[in-house]
Amino acid sequence: MLKYTLRRILGMIPMLLLISIVVFTLALAMPGDPFGGEIDPNNTDPEYIEQKREEAGLNDPVLVQYGRWITNFVQGDFGESTRYKMEVSALIAEKMPNTLFLGITSLVITYILAFAMGMYAGRKPYTAADNLIGGINYLGLAVPSYIAGVFAIYFFAFQLDWFPFSGSVDIQVENGTFEYYLSRLHHVFLPAIVLGALGTASYTQFLRNDIIESSRKDYVRTARAKGTPESKIYNKHILRNSIIPLITFLGFDIVTLISGAIITEAIFTYPGIGMLFLDSINTRDYPVMMTLTMMFSFLVLFGNMIADLLYGIVDPRIRVD
Amino acid sequence: MNNVLDATQTHETTSSKTNQETLLKVSNLKTYYPVKGGFFKRTVGHVKAVDGVSFELKKGETLGLVGESGCGKSTAGRTILRLLNPTDGEINFDGEDITKLRGNRLREKRKDFQMVFQDPYASLNPMQMVGDIISEPIKNYYPRKKKKEIKAEVMELLKRVGLPDDAYTKYAHEFSGGQRQRIGIARALALKPKLIIADEPVSALDVSVQSQVLNLLNELQDDFDLTYLFIAHDLSVVKHMSDRIGIMYLGHIVEIADKNTIYKEPLHPYTQALISAVPEPDPRRKKERIVLEGDVPSPENPPSGCPFHTRCPMAVDKCSTIKPELKEVRSGHHVACILVD
Amino acid sequence: ACNGSDDANATDDEEKTEDTGDTGDSGEDTGDEGSDEEAEGEPQQGGTLTYALDAAPEGLFHWNWYGIVTDAEVLGLFDDNLITFDEELKPQPNIASWETEDNKVFTFTFKEGVMWHNGDELVVDDWIFSLETLAHPDYDGPRYSNVQTIEGAEAYRNGEADSISGIEKVSDYEVKITFDKARVNNLLNLWTYPMNRTEFEGIEVADMEGSDPVRRDMVGTGPFKVNKVVPGESVELVANENYWQGKPNLDKIIVKVIDSTAVTGALENEDVDIVAVHPTIGKDVEAMENVELRTAPGLSYYYVGFKLGKFDNEAKEVTEQKDKYADKQLRQAMMYSINRQEWIDAFFGGYGKVVNRPVPTAHWIAADNSELNTYEYDPEKAKELLDEAGYVDTNDDGFREDPNGDEFVVNFAHYATGNPTFESRAKALTQYWEEVGLKSTLEMIEVNQYYDMIEKDHEDMEAFFGGWGYGADPDPSALWKSDQLWNYPRWVNEESDQLLDDALDVEVVGTDQEKRKDLYVEWQKIVNEELPMLFITELDEIYGVNKRVGGLTLDVSGMNSPHEWFVTE
Amino acid sequence: MAELLENPQMKKMRRPKSMSPWAVARRKFVRNKLAMVSLFFLLTISILSFLAPYITTADISRVNIGQMSLEPTSEHWFGTDKSGRDVWTRLLYGGRVSLLVGISCTFLIIMFGTLIGALAGFYGGFVDNALMRFTDFILNFPLLVFVIVLNAVFFGKLGGVSVLIAVISVLGWGGVARLVRSKILAEKENEYILAATSIGSRPTKVILKHLIPNVLSTIIVQATLTFAAMIVVESGLSYLGFGVPAETPSWGNMLSASREADVLQNMPWIWVPPALTLTITILSINFIGEGIKDALNPKSLR
Amino acid sequence: MSHYTDFQSQPSLLEVKNLETAFEIDGEWHNAVDNVSFSVKPKQVMGVVGESGCGKSVMSLSIMQLLPKNIGKIRNGQILYDGKSLEKLTDKEMNKVRGKDVAMIFQEPMTSLNPVFTIGFQLTEAIHNHFKVSKKEARKKVIDLLNKVGISRPEKVVDEYPHQLSGGMRQRVMIAMAIACEPRVLIADEPTTALDVTVQAQILELLQDLQETNDMSIILITHDLGVVAETCHEVIVMYAGEVVEQTDVISLFEKPLHPYTELLMKSIPRMDREEKNLASIDGIVPSLKNMPRQGCKFVDRCPKAMEECRTVTPGLGEEIPGHSVRCLLYESSRTQNEVTAK
């Protein structure tokens, strides 16, 4: 297992290198640079900006720029944000917890809802409740997250005033106290629901269909034939089989959540990686943009690996050792 | 039963079972499947599906190939038709070595040997109408042939295999298993081949239907001067169909002989066990069953020496070390067992 | 602050109007405006006020390093400037007062007993420390130009001297600063923010930008102290009991970022007390019962520029003339054809004024409209001018051809962000021109690329939309002199160059502000006549303020000092 | 044999017309009410959008300062937006763009994905390896992230609907290729593929005539899913300002008006129509997709 | 066990009376099992033969009350086990019967085991469903069972997953599972069809052994007449949901009465004989929807069909003592028909 994981990780390196070339090329091809907007005639002058460009190495030959960037990059030096004037790594470290928290909450909500609804609908297919769940799911699949987000803010934050509409925490609570975490949860709930809606819908649907399909399998008949109670058949025999593909989705979720966070965070002004990414594009903050793009790509690779590993772990048929 | 097609039209030789001309000669044929290991998909080993098979097939004769599931029967059949590439050995068809043929030359050759498949459901394209299925081989080789002519030929074939005319515009799923197998046979016949390899053509069928197909195959052999390589796992069916029978075990032919010889005087312990295991529909007859222990070993790492020694009731020590050759112990009776002389 | 007045407020994307940002004068005002008392009556003590930002701060909470307006807004709440500016943007003493005789040597005197939040007393050394930091070779921020003119700064920066020779400490509360030469705007250009020496002790200048005193544990002299920062979203400030102008009324100020979509909702639900609002929702805010809309004249203006030539950045001169818009009558006609008031009402809710010069009305050098051509909306006049200039429809396609009879198309460019209103307001301008017979096209260009193209005089840039912000220093040279990169129209006019030089020349103006203003008025008349760019509008600064907030005043220099703010229950 | 032909049972089994698998699916689909209603809706929207220039008279690009933000009236069915443009007109024109982007992307993605997937799946070995590594490479670019980056690169000068389509398509085909490959691999196991080779069909014919038709149902279902997803992607990008240029109406662009607080709260007629149309369109496509999936699934009931 | 025992006099252990099981197709209910009656005596091996689709599996699923919910139901008839009407039991009560009194093994050893649980788990579950025993005891019992069904190294196999076993081993596991609670009746639905002859021989041998040592009754469903001949005491021949012939195994093979049975026997190639042409039955079993409502269901395929076969529905008559047949060629069938008609 460990050996396999290590080899998988090694196998990512060439792919990441290729991606880095693409990312770098794209950054190079982007019009404008971070110093274009920084005109402040009373405080600076064109020479200062030109000097900054020179310092940032933007006038060096392309290959030199790439070489410098990638060498630093693999050493963990992602450069300094031209906008925030701080280490990109520190900047990401600052935003990351928020996004992680959002992602994990959203995942938890997704899984809880999907399991509850999916199992119920799968056990009682073609009933009114199943149809209702199906209807909700279709809506969840169809309503784009930004529409859902805008509606959610409109109703739950403004009309009903149940949830805050922005931010990640109430500044007035003491760090680390119970209220603090409560406040974070309170803030993250709405975006997490919106972010998780799509996943919830597809998981529920998947689980339902898989349960229905599984319940027609021969081994279920076998279990019945030996006198296993119905509840045990669903909760053990069928569920265990349906969970396997679902668990492996977890790997892919990492990716979905991160890119989903871009839109959701923008709508809820939730200061995380997604907002940072959009910001970095708008302000041509190349070090941040390139690092994040690389990070997202890495996460895709990583997510796929996790999916494969999980699959190997949970499915006895293809257990890897 | 009338000849609906004029058989002489395609075959100059009026072959009969007495014709001793060799049509197919297979020598030391080996086909290995690579085993891809782990997620890195590297070849970590080989499934030795066919591991040194040799036999000859005379024109007009039927050779039956029996063996348990996974012993390499289909692989052997497909390799001979060059649907798979042999790992080693030689396939000589009608005096020509076809082992190394490729591309168009192979395609040209294909006209002469055809296959009937096991699964009447999976071997017909569900998206094609029966007419298209049967005319496709003709269109492939005679692209300039007129549509009308082709259609006439197909209609003849339909009639010949006992399908109604309106089958032409129907889809395979509208037919029963036996009828589908007839469609498959018609397709194989369309190019008027010399050799037909029938890969378990009846094992997916009910007994009542199975006999229809067997009868049909028998009739067609006479009418079209066909040579059959008949693959099955059911000994009684093979015996019914064949002139000679080869018994396969784990990629090897362990015994090959005339069908009555095989039935009456099996020499290889495996053949003996196989024959004794076939249940006979006669409640009065008491026969002694030789029940073999265990299952067929995996062809991925076959036992050393004689492949059968792990299950053989008569095995002696040297069976695990000496790999027996297929020897002709009597005229026309070949056995691969060191205990047999 | 550096003019948050651009309409980008509507979205979280920044619209990059280049700010002629002043030196960060926001958020304070001397207490000498006592006459301007609020109707709410007596200030109440205690309470928490929520102040909303519409964009996330970058988190560089020090005057010497901050980069964007939002950070400055926060800075204004907890750190005071040594000097301040009045309603006409003229400098006034605050913590420090000054004297000069020749505009070259200035003597500054600090108030005694002004305390830093950490308990240190503010003395001139703090300021000297700040100035030396900016002049330090390792200083990486944009503000070296604010100390560059001090005598000896250059040498210090080059490592030739251990201190700046032009700075002479007289006592703890008095310092003499000598500039390299006398200028009229030496004071305005000078950096007037001190740095707390204890906090920065032991931190190399190169590391200061990322250090805690800049990002987390900020220490200022202002009415509020920073208690806690949640990066990118909120800041909590508590009253500074020892504030030199007296204890603030409020206990706390919460600064938090909200999305512009949430502004009205937040105001209505009383989630925020003060927030800058976009002109388009001004009417809605005005209609709210619990909220008052406060406006103040803004310092930025929008224009339509023409590329009249090409600039060579090496030679620092305009090297090539472009003919397309060279005809003054054409430019004037295009100006006449725009109904600017209608446009402002339509796209800025009327919260702006028609402007005819490159100086905001509130500025003390602004020429009075009576002295200028006001270019009232007059399409007939426009047509007349065009006819006169030879732009007539010769092929009956409904549009005018140029004097040579070739097709004439106004190719107008506007920057694009996510903001959907940009397109329509730009489109509206082209429609005005089409109405007088000038065929027009519109191209929306991504904002980063847009300014790149303008700066590099890209072929496709012919007529373009832009905005400039104005600071306290009236000197417009950087934007208008023919040897300046940021003279985007590439307008060359010797008279203008001369006037701008004269207005800065102590030989010419001495210390007489009126004389200086006269020169600028003269210059504005030329620009107004020549129209290298069509001036469209100056916008108001508008804020939604909850009615429970008292003691807040707003003028062109920004809000008054927050220690005077209070909330009623 | 003759006996068999005479057999009355055989005669009885003959149905008047034989149904191709497609015909069977079509019949099943037509019986699916939800899918039919959805199809009807989608067709209506498409036709209306397509005919927008003939149906509507208002100028989509003209800014009408005198008629800004009007509530719905008989003259302006859905009112006007903040630029005084007729919302109904823009909705139709917006549909043109959104559907065009959706369809074009779907078409390109499916074409390319199918091509790569089919080649990889059919030939296996080295071809498979090379193509799949390439596919992995493409799949490793998170779509949204890279479309945003790429669009930032091309925005402005090159900007426009075609660039958006190209960018999305170039990045989007990986999933389809993988799916098609796996389906082809499974389908290849069927003996009729072997049969096709044995009767002398050339590889191209095997792929086009035997493999593709049999995985077509998967591809069609995937296409509907892709279609819905692409409309979401387009509108989401436009909403964020990284999609279709602002001057071109699209549903996402129209919706981005809701980012202005006053529009969101006080002028629902500006953003609700595109929001609803978009949602219902996506819903319809999903229902149609489900319908097709059901219809093409021989195991499904009815 | 093929030695002839007189079962007639014994009381029946499992009795099926006039069983009718129907499926809903296109909104209509069609009988897949039509008026089937038979009884199984203690220690008897009852064979059920017939072509694919003739209702063998549906019949056994009906006995086990395992019909797919909603689309399949028992319309009529009784299933008496030890005097208990199984079809009247609730799910919960039936769970007590399944596995303990009546157990079943299925045709497909490959898919009938849950792929994600160990063999041990699945076997222990069968025991835990009916007995309260500790985990340790259960495990011991499982190992014993595996031993009993002839699996070598049972200690290892308990902890293995189904995919690690071969088809024959899996079928043995299925059998072990079925006999875990020592049921009195074992229904084996084509237990060897998917297996090779040599393995089939092993399994049949095993079933015979178990039947004798455990005193079980077995209902052995198969389409292989050879298997029937070698293992069964009594045989039912089914066609299109009906029993067409029923007798002991010797009589059936020596003197098949029904034309269908006769043809069936003649259509199998025999090892011990040489025949040029095999008999065949044309056509196929009519599908449920196309089932004739009247007359003999075999009429369309029957070489001996008469005019009246299309109109007169034959009954199952005892032509010779202990030998019943459903065909108008036989008087008893006609009369039986008249009896049921009344």
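Letters A, B, C, D and E mark the chains in the order given here, with residues in each chain numbered from 1 onward.
Note that in this section a residue touches a chain if its C-beta (ideal position, glycine included) is under 8 Å from a C-beta of that chain, and two chains touch if they have at least 3 such contacts.
Keep in mind the model is a prediction, meaning the values are calculated, not measured.
Of all chains, C has its CA centroid at the greatest distance from the CA centroid of chain E.
The pair with more inter-chain C-beta contacts, choosing from A-C and C-D, is A-C. Remark: chain C and chain D have CA centroids separated by 48 Å (rounded to whole angstrom). Annotation: 33 Å between the Cα-based centres of chain B and chain E.
The mean-CA centres of chain B and chain C are about 90 angstrom from one another, to the nearest whole unit.
For this pair, chain C with chain E, the centres built from the Cα atoms lie 92 Å apart. Contacts with at least two other chains are made by residues 30-31, 150, 154, 158, 266 of chain A. Listed for chain C are residues 13, 261-262, 265, 417, 446, 449, each touching two or more other chains.
Within chain E, residues 282, 284 each touch two or more of the remaining chains. Across the complex, chain D meets chain C through its residues 61-63, 65, 68, 82-83, 85, 152, 155-157, 159, 240-242, 245-247, 253, 256-262, 264-266. Contact residues on chain D toward chain A in their complex (touch as defined above): 136-137, 139-146, 148-150, 152-153, 155-157, 228, 232, 235-236, 239-240, 242, 255, 258, 264-265, 275, 278-280, 282-283, 286-287. Here chain A touches chain C in the complex through residues 30-33, 36-46, 48, 83-87, 90, 94-95, 150, 153-154, 157-158, 161, 164-169, 171-172, 175, 266-269, 271, 275, 279, 282-284, going by the rule given at the top. Against chain D, the residues of chain A that register as touching in their complex are 15, 18-19, 22-23, 26, 29-31, 138-139, 141-147, 150, 154, 158, 255, 258-259, 262-263, 266, 277-278, 281, 289, 292-293, 296-297, 299-301. Chain E contributes residues 64, 66, 68, 91-92, 95-100, 103-104, 106, 108, 111-118, 125-126, 129-130, 161, 163, 174, 177-178, 180-181 to its touches with chain A in the complex.
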